[in-house]
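Here you go, one structure.
For reference, chains read A, B, C and D in written order, and residue numbers begin at 1 within each chain.
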Amino acid sequence: MTKTYKEPEPDFTYDPAIETTDPAVSQETAGHEANLAAAGQWKLFWLKFRKHKLAVVSLAVVLVLYLIAAFAEFVAPFDPNQTSATYTYAPPQRLQLFHEGQFMPHVDGMKMTLNTDSMRREFERDPANPIPVGFFVKTQPYELMGFIPMETKLFGPLEPGPRSPMYIFGADRLGRDIFSRTVYGARISLSIGLVGVALSLVLGVLIGGISGFFGGKVDTVIQRVIEFLRSIPTIPLWMGLAAAIPLSWPPLRVYFMITIIVSLIGWTGLAREVRGKFLSLRNEDFVIAARLDGMSEMGIIVRHLVPSFLSHIIAVLTLSIPVMILSETALSFLGIGLQPPAISWGVLLQEAQNIRAVSQAPWLLFTPATAIVIAVLSLNFLGDGLRDAADPYGKV
Amino acid sequence: MLSFLARRLLYAIPTLIAVSVVAFIIIQLPPGDYLSTLMADWASQGGAVEEGTLAAMRERYGLDQPMYVQYFKWVTGIVTRGDFGISFEFGKPVTELIWNRLGYSFLLAILTLIFVWAVAIPIGIISAVRQYSVTDYVATFFAFFFLALPNFVLALAAMYVLAAFFDQSVGGLYSAQYIDAPWSWGKFVDFLNHVWLPIFVIGTGALATMVRIMRANLLDELSKPYVTTARAKGMSELELLLRYPVRMALNPLISTLGWILPTVISGEILVSVVMSLPTTGPLLLRSLLSQDMYLAGSLIMLISVLTIIGTILSDILLAIADPRIRLE
Amino acid sequence: MSPILKVENLTTVFPTRTGDFVAVDDVSFTLEPGKTLCVVGESGSGKSVTARSILQIVDKPGKITGGRILLDRDGTEVDLAALDPRGRAIRDVRGKDIAMIFQEPMSSLSPIHTIGVQIGEALRIHFGMGKAERRERVIELLRQVEIPNPETAIDRYTFEYSGGMRQRAMIAMALACNPRILIADEPTTALDVTTQAEILDLIGKLQREHGMAVMFITHDMGVVAEIADEVLVMYRGHVKEHGSVEDIFHAPKDPYTKMLIGSVTKLEHRSEALVRTDAAPETVTAPAPLLDVRGLTKTFGELKAVNDVSLTLKDGETLGVVGESGSGKTTMGRCLLRIYDPDAGAIDFRRADGSVVDVATAGKAELKAVRREMRMVFQDPVGSLNPRKTVGQIVAEPLRLAGFGTPKQIDDKVADLMRQVGLPPEWRERFPHALSGGQRQRIGIARAVAVKPRLIIADEATSALDVSLRSQMLDLLVQLQEEMGLSFVFISHDMSVIRYICDRVAVMYRGRVVETGETDQVINRAEHPYTQALLSAIPHPDPNQRRIHDRVRYVPEEA
Amino acid sequence: QDYHQAPMLDAMVESGDLPPVEERLPANPYVEDMIDSVGTYGGTLRTTILANGDHYNLTRTTANELLVRWDPTWSEVVPSLAEEFTVSDDATTYTFTLREGLKWSDGAPFTVEDIMFWYEDVFMNEQLNPSKSPTFTVGGEPVVVTQTGERTVEFKFASPYGLFLQQLAYGQGHHPVIYPKHYLSQFHEKYNADGLPALIEADATAGDWVALFNSKVSLSFQPQFWQNLDLPTMNPWVLTVPYADQERVVAERNPFYWKVDPDGNQLPYIDGITWAKIDDPQLMALRMTSGDFDFAFRHINNSTFRSVLYDGQDSGNYRFVDVMDLPANDAVVLLNLNVEDDTKREIFQNKDFRIALSHAINRQEIIDLIYVGQGAPAQVAIQPDHELFNETLASQYTEYDTAKANEILDGIMPEKNGEGIRLMPNGEPMVINFMVADVFGLSYPDVMQMVQQYARDIGVDIQIRTTDRARLNTMWYANEHEAYMWNCVGGLSEAYSDVRCYMPFLKADIFFASKWADWYSDRSTGEEPPEAVKELMAAYDDVNAAATDADRLAEMQEFLSLSAEQFLTIGISRPMPKYMMVSKDLRNVVDGIPITGNLWHPAPTLTQWWFDR
């Protein structure tokens, strides 16, 4: 039920000298609303953001994803590059809590037979031999984030070893644990890709801003450059540039370099939109007012113009994140992407790009795809929430 | 309008020159040239080619000349005779090899564009009009789902499903019996039976982006006062929606129309390889790998030119659609 | 005569997070054929929402929650409030029986359809009229609203029309189907008096011809006095007073109405504060004028927006600039600050240290310094405040850029300034959209005076305000002038405002200054025929002395 | 004897467009031994090739019509286009007698003149052939060919060349028999100097007559060969849709083909062949399982696809046939002994380093994991059943022994950095950039990844650079690589003629020492190898010169022992048997046919395949 409220009617004893209550205050800002309208910028932002349920959930998901990425060594039960000849293409085992009515977290055991005709290992569930699974289990010593020595994993088989396989998302062609690989893959996919996105964002806003704000010759030149960059098909460019990168570079640096190259081209789309927006904004009175206040042109761009189309930027951002994650997959397809042992979601997808995985081991495809979809969707809804919250006109 | 057009075309000239130079540089970036590919290829078949033969070929192909000389020869050929040079690997003039494929690429791009527009716009409209409804969320979910799957992975998965469960013939644009056959109704139907899958696969990525853009644009327009003005005239809601906000929301899309072309063609390269489509993609990829330089360079350049033309076209379209730009 | 529309206990609410906000509360009135009902009231009092409720086109999430809107259709009464807002029945009424002129003509018209298409649409929808016939009718309508060259004007786009033309196009659109009821929502706010008079004439003429009932929303009491038969005074969503125009003007009962009428009459005179200083003898003779403009010219393409303008301004003086819409007032003001680069002329500004700077040719650094002393209040209070910055940030910006002091000092200064312009300092955290028009305008003023300027160019600083607010604002300016020894260039199309605070007046017409002189002299003994025409078109806020029908028209020789 | 022809030709013979079958066949046609039975005519063989760079697959299926050929069991060289041949005792002079009445696919007679055209006007022509193919060269001296009778021709070498017949029976032996003089002379300066300018003018691609000539026929079955529909051949099928830019290649029976079955039926049985051009092997496998092809072999006949193809046998209506494609090793670690980096070159050339690396690799694990247990730990070596098998060569240093490897390396590079990577003498960490291409379905990137981990255990940092085959080709040709992984030919009899894995040999695709290989083929180029390697080369020269089979065997064994001592490459797995897919309806398909890179397949037996429907 909504309650109805009315302003108490003020008495009209009009005295122009006393200017405490202003009759022009619209009702909207009176009463409860007044508190809200007077709330600090950030508080308001948070209040509005909180209203967007999905965005809040997404924020939580994004945080969890980043935690997973940061603590991959702890979350992943196995070394992502640990191979197992016994369990190549082992299907996912379901994590179960009860065994024969008793509480005992476990996965079913697996019976493996080697079929030499079809040249594959065939697996059969073996519920009679459950493999008990525990949380915070002891394992081989490892280093969390490369420097904190640890001996505990979030979860894993209680007696780790080749006799007790636990592949909750299945195993790949080398018997590596897909779950662990996906967890580790989050690291690169959620970091380097975003660096690229950020870089094209900065470039797009700056160059597009300059183009639109100053107009004239600068604009014409920048527009031609953009048109030119847009018209070069990306794949040949990638291949050409990748071939020009020295071989001795470590894979991560190569990949980082390529990401930068990709974003050096990727800014053009945003730049054109920014320019259009700036062209229409640059003669707005509030921009002129800022100029009269003595603000520098760059200051105006950064402090006044950019915030004015934040919503657009957020939309572009949420769309370009998956594009970045995926362009890495395309690079891998071309053989110029990440090299082993580095893992990313793109690499995982690329490894699933074969008829064997698609027809006989679909989990190889589903797991990374699901991870990407979850990340992308939550980033998008988070972006939606941020945009709505940043919009001063938005409903509260 | 005419001067606008003239200026637009004039501006395209330096871009074209730059594109031709860069196309040439890109294909020269990797070490070696076509002959080293040929060499290695022969070698792997058990043959061997001697330095003498190689030197002779290098001279015949003009590969021993400095790069700028090769470039000017190539460009002069294009400008004066429409001669794009020869493909070393196929031993044929580039022009004989590419038109057919460019045609298919272009056709595929256009069909994809139509598909994307035809699907994305209604979905975008619905998810904007019913913002934060179930429909909106479902549309958003699928948009991002398809965005999150690389289209060449999707291509393989889709082909597998079709072949394994629906007994569809997959790959290429025609069934075997129609490949070399002249055009007929049967061939056309067969073509339609094949072409929808690549269109779908290539289109999905662009589709998602488009839905989101359409939704965002439309959300901006829906609350504009001119919508209310039109409503006050007694116009029905649907007509109103289509005549005013949708029309306005389309403008930004029109302005990027030309740009979709290279996106589709680039996206198409890998899909075409996976699906064996007779488009420029596989040819371009192969020519890049084998450093068949005139073929690769010409393809890159033609795709770039198509983009430039596309951009000009969309600028013109935008000018037609938006009088504010036309009459500025 | 029987009423054609009866509004009974209309209530319209906007659901918000904290509850339902009642924008229109229990409003009742009737409209009669051939009669004009004027709706007045402060900004945000629910006038527009009432009008929109009648056609059921209230913006989402607003909805009508009570009352009836009875339309008389050939003897049968239809309750419009009970109809489905998306249904056929209400659509038949919209545009055909009841037409509406919207408040903002620029954004209320589609920028990408020609004027002709937009006007003809109602004809197509309601009469299914064919293309050729429709065109003929639209040309006829455009001719009626006195659009020049209707045959070509029909194919033009909104942005090719001037403000006045757009307003008239909206009127033509509303009149297309010969509606029985016309709802006009502040159709003349943005117009100068001469154009306004033309439009009022036109509506009056059509009303006489078709027996149309008119609901006219305005905040200009002069207009009300000129055209109203009856007046409805609204305040915070409900009706304060409803009566004949004579009663409202001469025997107001409600305190709010009284205050409203009071401020109107107040503006009929010169500011009392100024009368005091005027009387005082001039103590110091300034050595040189503060601002000396000679031969200022600015062209936009072919158009000479400002043509060879010369002006001088002394310390502490207020110079009014008047003229019809599009006469170059804003352009001139902007040239003074080099927002536009003038094409010719000199703008000598005497700085605080006595040095004289030609703004027209000043270098970057010099310009920055000059701009600290010479400030601007923008014509459009909405556009000049960044909607994404809080009021505090906006006011603090010039201080920060001038290196005023620590953040704390700046914050204190902002609070001071807010108090000075009569706003509670706590409102620093508000966004501009949470303020009313008058408050926004005061923010603009606070920003202008923050760095202690010596000259303020105030461009229509009060145009968006209703009368009561307007007089308050003017008093504030006079007060600031006294406190800080400010000079003003005061651009306005409202002669009463000019009379209220200006020492001298310059009259602009098509880019030229056609007349300058002491305020009194110009108003009472205008020499130039254009000035005379301008003065004669001012609506007089007394229903007994309707005079704009007797105005003189200025027909320039070259035209 | 009575000869019969395919029904599809009947109409043409009746109408007189084609002479009767007796006139088309030679006086003494080649009678093919049937694998199972005499077949029936008809059907189109649907198969597939990669859309680009796979023209050799056309050669493999249809173009192996040589003067002499290997018998189907790969034990001896038998006459083919030649009715008979003789070899001089010193193995310098070879004489061939052509069958009488052989005809090109356009009906024109195939005679010694065509061979002489090849020799005099192509092979010896300085413009067309500036340097001579090693198949027809000994000690830098090209062969001398003379016509000795109406149907006889003599090949004479300056010094003994015992391997010549074998070479001639392999894929590269086609040179003398693919140049139809009656057709090609019009493009030759010597025969048509006046007409050439006009022809060159008409051809957009040709700038001079050499280019024009090369565009009509191609030395090594390059695409040009498969693009020219006018070019007469001796092959069982002739192209009707060329290998150009169409979506498939189509061939139809050659009505003048010169082989018959024991019943006098002119071969081939199958009317035509279509090759669907596919860009991605994944799609090949998928379409195979949908029954789109009657036969497929290359690109999908490996463990990667086996499982999918196995499941698709019913839906695809095909069965598996074994193929004896047994190279010397399936995965070989090739360190570039001539790498540009001085420090690394010295380390790579150190045999102990290679031994250590070899011990570090857990071969059995790789085989179990990646090759599903198919294969066995082995170095690059001749197959165990072969007469040339050498135990040392095959099994030295194959045991997995990290400790031993570390011990050896401690002697070479004792210093390690903080990450446990050994430091080279110049103080840099021991990093090897390994190129891998995902080829032959042998999962090299995966194998390499395993090797990377093993190498880490001995303090060697292997960096993997996955690339495509073409780029890899370019790199090794330019000697820009440090190391890569490939497979190695020479597991069976072809070892005699192709020793690229046992010593730095020709400019072939095994480039572990291309500078030395250059030196071997031409002493004025490349880099002079160390003495031991020179000895190895000399030993192979002896194999080449051996005139009798027994001699050759002894010399070869000697050579292989020397090679084992040098230990130039590091093998991982003895190859697992390959397979091919053929339609369940096809008959006369050899099960276990031997093939190698040079022994092209299934062309020699494809003419007798027939559809039993």
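As a working rule, a residue touches a chain if its C-beta (ideal position, glycine included) is under 8 Å from a C-beta of that chain, and two chains touch if they have at least 3 such contacts.
Worth saying up front: this structure is predicted, and the values here are computed from it rather than measured.
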Closest chain to the centre of mass proxy, which here is the mean CA position: B
Which of A-C and A-D has more C-beta contact pairs: A-C
Gap in Å, rounded to a whole number, between the CA centres of subunit C and subunit A: 48
Intercentroid distance (Cα basis), subunit D paired with subunit C, Å: 89
Where subunit B and subunit D are represented by their mean Cα positions, the distance between them in whole Å: 38
Subunit B, residues touching no fewer than two other chains: 30-31, 156, 160, 164
Of all residues in subunit C, the ones touching two or more other chains: none
Two or more partner chains touched - positions in subunit D: 282, 286, 468, 471, 480
Parts of subunit D lying in touch with subunit B, wherever the complex brings them together: 46, 51-53, 56, 127, 129-134, 170-172, 204-205, 207-208, 210-211, 214-215, 220, 222-224, 227, 241, 244-248, 250, 274, 276-280, 282-283, 286-287, 289-290, 292, 315, 468-478, 480, 489, 498, 506-509, 521-522, 525, 597-598
Subunit B residues within the subunit D interface of the complex: 30-32, 36-53, 55-56, 60, 83, 86, 89-93, 95-97, 100-101, 156, 159-160, 163-164, 167, 169-174, 176, 179-180, 272-276, 278, 282-283, 286, 289-291
Interfacial residue positions of subunit A with respect to subunit B in the complex: 54, 220, 224, 227-228, 230-237, 239-241, 243-244, 269, 273, 276, 311-312, 315, 318-319, 322-323, 325-326, 329-330, 333-334, 346, 349-350, 352-355, 358-359, 365, 369, 372-373, 376-377, 380
Subunit C - residues contacting subunit A, complex: 13, 15-23, 25, 42-44, 236-237, 254-256, 258-259, 262, 337, 339, 368, 371-372, 375-376, 378-380, 383-390, 397-398, 401-402, 422-424, 426-427, 429-439, 447, 468-469, 471-472, 475
Subunit B partner contacts - residues on subunit C that touch it in the complex: 52, 55, 57, 59, 86, 91-96, 99-100, 102, 104, 107-114, 118, 121-122, 125-126, 157, 159-160, 170, 173
